[in-house]
Each structure stands twice: as structure tokens, then as C-alpha cells.
Amino acid sequence: MAETLLKLTGITKEFPGVLALNKVQLDIKEAEVLALVGENGAGKSTLIKILTGALGGWSGEILWKGKPLKVNHPWEAQQAGISTIYQELTLCPDITVAENVFLGREPKKHGAIDWAKMNAMTAEVLEKLDVHVAPTEKVGRLTVATQQLIEIARALTMNAQLIIMDEPTSSLSEHEVSTLMRIVKDLKANGISVLYISHKFNEIFEISDRISVLRDGEYIGSVNTEDAKLDDVLVMMVGRTVNIRFKERTNKIGDVIFAVENLTTAGAFEDLSFELHEGEILGVSGLVGAGRTEMARAIFGIDKSDSGAITIGGKKLPMPRSPKEALKLGIGFLPEDRKEEGLVLLMSVQENSTLTALAKNRHNTVIHSKQERSLVEEYVKKLTIKTPSIEQLTRNLSGGNQQKVVIAKWLASESKILIFDEPTRGIDVGAKAEIYDLMNELVAQGYGIIMISSELPEVIGMSDRILVMHEGRSAGIFEKDAVTPEEIMSYATGADRN
Amino acid sequence: EEPAAQPAATPAAEDKDTSSEEPKASDDAQKSAADREPYKIGIVVKQMGAPYFDYAAEGAKKAAKDYNAEIISYTGPSSEDVNQEITFIEDLITQGADAILVSTADSTAIIPTINKAMEAGVAVFTFDIDSPDSDRLFCVTAGNSEESGAAIGESLVKLVEEKGQVALLTGGLGSETLNRRLDAIKGVLSKYPDIEVVATEACDDNFEKCVSQVENLIQTYPDLKAVAGVSSVNPPAAAMAIQSANKTGQIMSIGIGMPSQCSEYIDAGVIPELTLWDPGVMGYDAVAAAVNYMDTGKLPQNNEDYGEYGGKLIVEDNGTVGYIPSIIFTKENVHDYDF
Amino acid sequence: MKKEVAAKTQRSAGQSFKRALINTPELTIVIFIFLISIFIGIQSDSFFSGTNLLNISKQIAVNGIISVGMMLAIIAKGVDLSVGSMVGLICVIAGSFIKMGLPAWAVLLICLAAGAVCGGINGILIVRLKVKPIIVTLATMNIFRGITYVYSGGKWTTNLPKDFLFFGNGVVPACILVLVLILFTMIMKYTQFGRHVYAIGSNEDSAKLAGIRVDKTKVMVFMASGILTGLAAMIFIGRTGAIQPTAGAGYEMDAIGAAVLGGVSFLGGKGTVYGTILGAILMGLILNGMTLLKISANYQGLITGLIIILALLLDTARAIYQERGKGQ
Amino acid sequence: MKASKNTKKAGILSRMGYELALVAFLLVWFLFMGIMKPSFLTLNNIVTVLTRISEVAIIAVGMTVVIIAGGFDLSVGTVMAIVPVVIGICYGNGIPFGLAVVLGVLAAVVIGIINGILIAKARFQPIIGTLATMTALRSIIYVLTEGKPVSTFPKGYDQLAHGSFLGIPIPILILIAVIVLFQWIMKSTKYGRFIYSTGGNPKATNIAGISVDRITILVYVVSAVLSALAGIIFSSRLISASPDAGTNTAFDVVTAVLMGGTSINGGQGNILGTMLGILILNFIINGFNLLGINAYWQMIFMGVVLLLAIGYDAKRRSGFAISSLFRRKNSDA
């Protein structure tokens, strides 16, 4: 029976209008991997932020090795021996990888920062994570995924006794995830505890010793992983049984509503061509950095592409030169990063949902608030968006509900061709299931969806056909029943070539 | 302005010839002043923080003491801005000032406001800078911008012995006063074909910028003989530049300036001549004139004498403008003045 | 054969230069300065004379030093609008000590201390009130200037002892500027403070979560800005030989101009000391050139504005190239 | 997520709270001044002040729009100066007055477009872009006027500023019209919505199919045109267009806008708040003048008032207490 390393009791935190945490308790033993699960908005991240001193104005007690721990500021938690990988990327884009890894802990040689040493140490830890970027590269130029790995590198170099990981794999794909799993096991072996938050149960069951569950800001309970069954955990989480198996779609697939030809942007992707049918979900799979996002951004006219053309409703057209054009053509785009590109966080659910609709029709400049309200109310009901009111700022919604608002925004624009980039990134099982149902419903109504995803099960479970990308090129388009996950991986990694 | 119409008219106070007996006149003013409430007088100037006006205000306060009046406010914008001047005047009217003394940044833009004040029964006197087309009662000045400019022009001509390169310096390019002075200088110089005005630089009343500009002028025009400045920042700044370039004796700096700010350079001979007048006296006489008007309904007569500090006022322009003497400051007299 | 190799190396040299040009904002301004210098030099023979270059060095010192402080504030995603008023306040404070007959070095220390205090006040207000620097310093800009007037009654102090002119004369301003350049280049590269300023400007929340003492660093930034302003004030006194309450009016804009021309970004996290000083040099050149090229005062502002726009357009072009190049 | 019952109320209150506080402050000030100086509360004084501030208030409306859209416009004062100069000179050279006015406003539109393009397309930092245009424009004014005030305006031009309708001075009426119009645009039209979202998150706005560049250019044009309007009223009030007009306007206006609770990072704020800021600042100045407090002290008080207001706003947002100014440890509550 190992010593208790950390013990939280009676943690309560209220945000204006939201009781985020209500007398929550939690305890972690030494050399233990504790998984913390809960729906979006359950309060996991809030709990973490309190524990690491990133958030104030709460009540309750934190015992660290039996002694009360005072944390007013993140650096105090660090000094105590707690290092954290937050849910949001916490890197500074304008400084180098090495600096980010050692931010605040820069190695010094007589007073001055020792760059040589810092870069060397960084290279070392990146090697361990097999990330292949120069320590002197500016972080802003790296992909979201690589940035996530650098966060992990930072946490590892702090040689802490407790490492907290809040959804570390949300933007990673299979390959990196497996590396991370290995690392967590090593940590445990070296007597280091890990608090692991994730919505991906395969990971949780692979590495965790115990699972603690939060629901609506309340502590529900803990179970030992070996004698826990997924469905039980889900019930604890959601309070009801959820069916996370992918449903068979029966709707018939119509004719081509959208096609891309020879889309190329030097350095990002090359000669991509594919068709999208009415009522079809076209999955796009590939390793991180394969250029899927860039492809999507190019199709939607956000980034300029070097060459290529699209066909909509039988008409062949040049690539849209701006999202405005794409919108007019009836294309919708749910971006990878909802906080950065999906939502205006300072605006309410209502204002966000109708933005595209307003942008689309050039007539009636005046907003009829009644119409708007009823429209939004309708979507809130249809998409079961959990929000106190439609005036609530989207900033204050949890991940899943934010994502639903973004989807509502595109449904309101009446775009029939939807590009979803990582639609379920960081979204809990319940919400995931709802979003899958929603996508099924949409295709049933004749929408066509291009779904970029790094989660293989999702791709296989949801898609009718799958476009696999490798280093910016198409490695082939497959009928979903014609390929196995292993084959997709080998195409994605380019293993098939050699 | 009935009194102004007939300058010869004798004060109601007593039936003596004014020109001979002014001291008594002002004694008399003070006598009648003793048994009344002190007048509330507000002073609005072009620019707060200019020592020139601070001295004028000191003179005004002195007069207020001697003539039983009260300076209820002395204020102005931090940089020349007629709009803010208007604000101050409007608020002085509300405040119930008996008289307002204005030195305006824009003699046309100020007109409606001055007239408004007069209609409201406030006695408006301009000082330093006049607004002749307004209904203001009277102006106390050392000479309008043209005259002060001309004065600088003359001494410039004299100092460069009617030939050679000279440069002109000014504060803000939009300042009416300064622009008029500049034009006046150019007017004078234009009569002397051998004098070449090589440049006119504006420093926005930024002393350091002015130093830099003069440094650059010295570089650009090796034969430069003199720089003349129309803003009181210019002469000392120019002198500073000349001195640090070791051009003392070769290049002169002259213009409008405060003796206290320039004495060191006058002593050093960088500034042979400085043109100004005593702002204190100007402020003093303006207040005195205002108080007397309110006591006696009479505007100043020619040679009106405001005592030992105030001195005599030369009244011209059919009785609407009173002039205090301009002073040329040189090695000899600069230390006799404390402003 | 040989020729081929030569050509190759040449091309690669050209390409590496192109890459440098695209990736370092400072380089565009260097070229810009170079071109302008050539232009002025051709028009006016006195431009390249030693005295003139010395003059320019004197004329950029004050702005250059203040700009470095401004650079710090802007890199930290703030701005310090109060520097101009600070110059005035520090000058009058120094003035009253000069009147007491304190030696120059003592007054210098007082200037630096006064700057540190003013800057400290800015910093504390910013972190404690949790208000954007632009707002706090907009307020203190008024407060400092007001205090300056009240304290000095608008009066000047002149006839300063000659040893105060030392700071504004000959090569001294240039030397001080170079010292500041070296010192702060070192600070920005080799101290935690320097690096953390970049981190905070780059993403304050991340910096905080990463464990940086953000508030402490911010206060230090504005203190540094104040101290540099104090140093600049001492040079100002040396150059003008007079203490005026109006000193420094509008200098905040000159400093911002220099910093931005030098490649410092208001989005925070980007900028270099030498870039900033290059910016100040460019502005100095413009002022100097206006007179040397005999440009009428009325047109000077127009030309200044156009040159600034031109310089920034060049930088935008550079930035766009850089992004195009991003994929490769 | 537990939504505690009073969410909506809390939301509205926190949105209204600050404006209410400003109103309260204004009332207290009126009370205080009324006791100190009865002349302060006279209709005459209040009307005088309101008339006086209408110009800067009109400009402030434009500045608010620009700042909400995530921008900043230093050139307002210069536009306010150059437009009447253009009009006066045109009219002075025999161009019919109506046409002269059109040309003046056209000039403003062009300036706005230039600002907008420099910032939207050429990606200038707003503060530096508008600083450059400001410098250039002021110099153009000097070139046009040789530094002398322009006073070639037709008879009765002054009626615009000095005349009144139903006893209300025309400038005040114009101001009210402008406020109503822009309050409506910002709250009830899609362009208002787009302006807020552009300031709040340009990337997301762009991806939502809204041309962020166009919105940006639009707001600078709005700001320039309103500055032009202010300039016209101003020149009619003085029957003269002075080349140095509006040298301090930009900072005064920004002070009022920030005091009104508009966030300098864009995406948040409103015109009514700005108007309260304008009223507070100007009635404080008016009060100080009546109390005979000189310009030096006024500067100091202004700064302090701004700090207090914004500090209070920040407290409201993030629940800090004055005491935290002196507390050693910092918490992020």
C-alpha cells in the first residue's frame, strides 16, 4: 500500500453563474497512474487549475505529502514538485522550442543563460519522445501536434513527483499516442505519479491504476481499473447508459455534389483529387502533419492554393479565394481549433450561431432579434447544447458544447457541403455519441461531410469512404469495408511504399 | 466704447486734465475701490506652462492687490489650442467673472466667444495678442506680432550688417502669432537683397528638436551668420547649438526670448540682442486698465500712468490699444530684469 | 568547370542573403537606412562629414535610449505612453537638486532613481489594478506632466553648471547609447528577465502557467523603461542646458515610431534592441536630412509620414515572403 | 454543468454594472458641484458644456466603433482639422459651398480608406499606421494654409453651430442623431455584429465568411467621416478653420472611450458608455474651471479619475480589491 502523495478535500469553485466544482475530493498515491474522467464541463480542468495555482477564489484543502499545500501561482506548484500539461497549449509561439521546454527554469552558467546546454538537454528529451524538430526552431511554426509533444517534453524535464496530463493526446494521432503510453509507464516505474485526464477510454484502460469520476462538478467515486467495466464507468460519468458503438447508416448515397481536382500547395500537399457524394461521409485519415488541415483550409479559401479546381452542382469552378466565397458556394468548415478559429469567445451562443447566416444573405441588414432567438433556441434544442441561456458567452461553455455551437453556426448557414476538421477533438463520450448521431442525421438529410480525423476508430466507424493522406499526397481512397485499420496505418505512414 | 470715441474727455472722477494728473486718477480709483467688493478677474492665456505668461500672471496678481481686485483664475491650454481657450472663457462667464483678460491663439476664431462674453456683461480685455475685430474693450500689448517681428528684423539687419545668410526659427507651424512675426521679419529682410533667408525650421516648441535643427543648419550652411527665432524657445536653443559647435562669434542667435533663460548666452555673446518686453508690466497694466474701466467706465488715456511698476501706457489705434515699451536686452541691461 | 562552381557558390550566397533578408526584419531597415543615407549623401556633401555624423549621434541619443525602454514595454505586449511626461518630471526633479549644487554624477543617479520610481508606479498599477498598460500609462502621462508643472510652477532652470553639459556633448551621448545597446542586448539574450519578457509578450497566460512570475517581470519592464528614460533625461539636460517643465512632450510617439520601424511588433514577443536603435537612427536621419536637403518646414511632416509608411510597407512585403516560405 | 438560477440576471448586471456606476459617479459629481458652485447646475452652463462637447463626442462615437473592431485611430484630430480647411479653401476659390462640403467629406472618406488599407491589407499596427497618416496630414494642412487660419466661409455658416431648433442647439441635435444611429447600427444590424466579432476574433470571423478586411476599412471610414462632421461643426462654431485644430483630440477621445468601458483589445464596448465617459471628463473639467482649479491640477485629476474608473471596472471583472494594491502575494482571483 503506497503512501498517499496528494489529497484534495472539499474543493469548491464557483464561476459567475456556474458552480463548477462542489466539495470535490481526490487522492493520488505514489507511483500511481490515476485517470480522471467526466463529461465536458464536469470540472476536470478547473480542478487541475486550482491544484496548480492557476486559478484562485476557491475553497477546500490540498494536502501534499500530508502537509497543506499553498498554491497561489503556478510556479509554487512546480516548486512543490507538480508539473502539468494543461488542456490548452501553454507554449509561447515567438520563442524557441528549447526556451519553451525550460521556460522559467533556464540552465545558467555564471549568471547567464547557457544556451548550448539548454539546446542539448532539449534535443535529448525530444529524442526520447522521438519528435524531430530543432531546439532552436520557433514554436509558432510547428504543427499543433508537435506543440503538444513539446508540452509533454516540458513536463518531463521538471523531474516532478506528480505529472498532471489534461487531455494530452487530443491532438495526437496513434503513433504519438503509443509513445506517450510508453512514457507514462516508464514514469510509473520510476515512482512518479501521473494524473491522467482523457476522453479516450482505450488509453485510460491501458495505463491507469484507478479511475476517478466527476459529474456536474461533483465527485462520484473511484474504481480500480482492472476490476472496472467501461459501461459502469460511463454510467458513473453520464448518469445514464450511453451507446458508444457506431451505428450503421441506411441512407442511400446520391450523386456527386462536390469534387476537388489536382489541388496543390507547394510544401503542404500535392495533386489531391476526390469526390464527395450527397449523403456521404468522406473520412480523411493520415498522420499528424500530413497536411489534412491545410487541404481543408485551402478548399475553404482560407489559405491560397497554388493550383486546383472544385466542382459544385456539376459546375467546375476555381478554388474559392476566401471563406466568404466558399460560404456562398454552400461549403461549411468546422476548424480544428474551435477556440482560435471556430468561435468568438466573447460573444454569446446566440451571436455565434447566426454569424454565418448573417454573412451569407446580403439582404436584410437589420437583425430581427425575435427570429434570431427562435432560430437559435431551435438549434440549442436540436443539438442539445447545454447552456444556461443563449445569452451565455461561449467562452464559458465546455468543449463539447462549444463544438456544438460551431456546428449550429454552419447548419444555420444552410451549407450542404461540410468539412469537419477533428470534430470530436477533446469531446466527451456522451457528446461524441451525440455529434455522431447528428452527422448521421445530416447525411440522411442529404448533406455531404468531409471528416478529417486522427482517431482511426472514428474514421472507420463513421466514414463511407476514406481518403488516406501521406505527407501531403493521397495514398488512396478506399471503400470503408475494403480496408483494415492496419492497412490504413501502413498507407498513412507510407509503409506500403517500402 | 464712448470714452474711446473722444480720448480728450475727462474722467468723471474730477474735472482736471487727465494727461497731467493720472497718478491722482489711479489714487482716486483706489479710493473708490476701497469701498467696494474686489472685482473678479479671470486670465486666459495661449499656453499654460510658458514662463512668459506665468510672469504676466504675477504682474496681474500684483495689480490685483494694488487695485483691490481678485484673480479668480489664471489658466490656458497646455499647448496652443483656441478651442480650449474658448472653453475656459465660457466657464469664466458662468463663474461670474467681472472681467476677462485674454491672450488668444487665434484672433479670428476667438471672436464669437469674446462677443458672447461682452454680451453677458463681462468686460473683456485682450493682452499680449489682440483680437481687433472682436468687441473687446481694449488691448494691452507691447506691439502686435507684426511689430515685434519687424523689431527682430531690424536688429537682424543691423547685426549682419545688411548682408549674408540667415535662418529663421519658429515654434509651431500653425501658430498665428509666430507666423505673423515670421512674415514681418521676412518683410523687413526683403528690402535687403544681400541678406538671404536660407531656411525656416519649426521645432514644435521642442527645445531639443530646435537644438538639433540648428546643429543641422550649421552643417548645411557653413556661411550662416545668424538665426532669428520668433518663439521664446528658439534663441536659447539656437545659442546652445551654436555654443556646442564652437561657432560663438561666427553665428549669432537673436529673437524673442526671456532674459532669464538667455542671460548666460547673452553674457557669452552668442545672443547679442534679445527682443521682448516685461510681461509682468503687461499683466499689471491690463488688470489696472480693466479695474479702472469698471470703476470709472473709462478706458486708458494716452500716457495713462500705472505707477512705478506699471509705467506709462501709450494708447493708439483711436484709443483701443495700449502699448507698453519693448525692451532690447543686451550684455549691459540683461541682469537688471528678473523674468 | 571552375566557372560553374563559382557561379554555384555565388548563387547560393545570393540565396542565403535572400533568406536572411526575408527572416530578419532588421535587415530591411538597414537597407532602407543605407539607401536614404546614400540619397542624402549625394544631395548634400556635408552629410558624411564627421561633424554631421556626430550631430546625428547626439540627436538620436535621447530618442534611442527611450525607445529601448519602449521596446521592452511593447515586446511585453504593452506600451509606455508616459515616457515623454517622465522626461519632464525627471528633468525638474533633477533641476532642483542641481540648484542645491549636487555634482553631475549624483544628479545622474537621482535621475535613474526617479525613473525607476515612476516606472515602478506604472508597473505596480498595471499588475495590481490588472489594467492594460496603454490605459495606465495614458493616465500617468497626464499625472506626471501635471505634477511637473505644479512642482516647477512652469519655471525654467537655466545657467546650469557646465559639467552637466558633459552628458550632451561630443561623443558622450553616442557612447551612452552604445552602452545601452550592448547592455540590453545582453540582458535580452542572456538573462531570465530578458527571455521572460519575450515569453510574456508572446503569450502571457502560457508564460504564467509555465511558472513565470509574470507580474514581477512586468513591473521590472516598466521600471527599466523608467530608468532608461531617466538616463535619457540626463542627456536631454546636457543637450539643452536648461530644465523645462515642457521637456519631452510627444517623445512617447517618437519612441513608438522608432521601435516599430525597428521591427518591434505590437502583437508582442518580437523585437530586438539593435532593431529599435536602427529605428531611432532612421528617424534621426529623416530629421537631419530635412534640413540638409533644404526641405521646407511645411512639407517635412508629409515626407516623414510617407517615409514611415514606405519603410513599414517594405517590412510587410518581407513578412509575406516569410510566410510563403513557411512551408518549405 | 450546474447553472445557478440567476445566471441571466448576473450576466445582464455585469454588463450594465459599469455604466450604472458611471452614471452614479456623474450624479454625485453634479450634486457636489451643485453645492460648491450653484452656477454649475444652471441650465445655461449645462447646455454650454453639452454644445461644447458635441464635436469631440461625435468623434468618440467613431473611435468607439474602431476600437471595438480591434483598431485604433490617432488621425481623428487631424481629419477634424483638414476637412474644414479643404472646405474653406474650396469655397474661397469660388467652388459652390455645397460642392466644397462634398469635397471635404470626400477627402475624409479617402483618408479613412487609406488608414483602413494600411491596417487591413498592409497589416500596419493601427497605432503606427494612423500615426503616420496623422503626421502627413498635419503637414498637408500647413502646406494648404501656410499655417494661417482659413475663414472663407459663407454667411450664416455659423448657424450650424450657434443656431438652435426647438430651443436645443443644433450641435446637440446632431450628436443625438449620431448616437441613435450608431447605437442602432451596432446593436441591431449585422454590420454592428460583424464589427464586434472582428474585434473579438478576426480569424473566426473570417472563417465565418465575413470579410474582416472590409469591416476594418469600413470602421476607419466611419471614424474619418464622423471626424469630418465634427470638424465642420467646429469650424462653424469658430467661423474659422485653424490649422492646429484637434492636436490633442485623439488622446482626449481615447481617454473617454476607455473610461466608457470599451476594451482596448476590441470585441467589447458600447457607445453609451463612451458618451458617459465624455460627459464625466468634460463636466469634471467644467467643474474644475468653475472652482478655479488650474490646468496643471486638472491634468493630474484627469489621470487619477481614469485610473479609478478603469481600476473599478477591472475589479468588477476580476474581483480585485484596492487592498490588493498593497498585498504582497499575488493571487489570480
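Order of writing sets the labels: A, B, C and D. Residues in every chain begin at 1.
Operating definition for what follows: contacts are C-beta pairs under 8 Å (C-beta built on N, C-alpha and C of every residue); 3 or more make two chains touch, one makes a residue touch a chain.
This is a predicted model, so every value here is computed, not measured.
Undergrad: Moving only between chains that touch, what is the shortest number of steps from chain A to chain B?
TA: The distance in steps between these two chains is 2.
Undergrad: Could you pull out the chain whose C-alpha mean position is farthest off from that of chain D?
TA: So the chain farthest away from chain D turns out to be A.
Undergrad: Centre to centre, by mean C-alpha position, how many angstrom separate chain A and chain C?
TA: Those two chain centres are 42 Å apart.
Undergrad: Between chain A and chain D, what distance separates the C-alpha centroids? Give it in angstrom.
TA: Between these chains, centre-to-centre, one finds 42 Å.
Undergrad: Starting from the mean Cα coordinates of chain C and chain D, work out the distance between those two points in Å.
TA: Whole-Å distance between the two chain centres: 29.
Undergrad: Counting only residues that touch at least two other chains, what does the list for chain D look like?
TA: In chain D, the residues touching two or more other chains are 142, 146-147, 295-296, 299, 330, 332.
Undergrad: Provide the list of chain A residues touching at least two other chains, using ranges where the numbers run on.
TA: Residue numbers touching two or more other chains: 54, 73.
Undergrad: In chain B, which residues are in touch with two or more of the other chains?
TA: Expected reply: 48-49, 78-79, 173.
Undergrad: According to the definition of touch, which chains form touching pairs?
TA: A-C, A-D, B-C, B-D, C-D
Undergrad: Chain C touches which residues of chain D in the complex?
TA: Within the complex, chain D touches chain C at residues 118, 122-125, 127-129, 131-140, 142-143, 146-147, 251, 254-255, 258, 264-265, 295-304, 306-307, 310-311, 314, 317-318, 320, 324-325, 330, 332.
Undergrad: What part of chain C is in contact with chain B in the complex they form?
TA: Contacts found on chain C: 44, 46, 49, 51-52, 55, 58-59, 62, 145, 149, 153-156, 158-159, 165, 168-169, 236, 239-242, 244-247, 249-250, 287-288, 290-292, 294, 296-298, 300.
Undergrad: Where on chain C is chain A touching in the complex?
TA: 186, 189-192, 195-196, 198-199, 201-203, 205-213, 268-270, 326-328
Undergrad: Which residues, counting only chain D, touch chain B once they are in their complex?
TA: Listed in rising order, the residues are 37, 39-40, 42, 44-45, 48, 52, 141-142, 145-149, 151, 158, 162, 234, 237-240, 242-245, 247-248, 285-286, 289-290, 292, 294-296, 299.
Undergrad: For the complex, which residues does chain A have touching chain C?
TA: Answer in residue numbers: 52, 54, 73-75, 77-78, 84, 86, 89-95, 99-100, 103-106, 111-113, 141, 154, 265-268.
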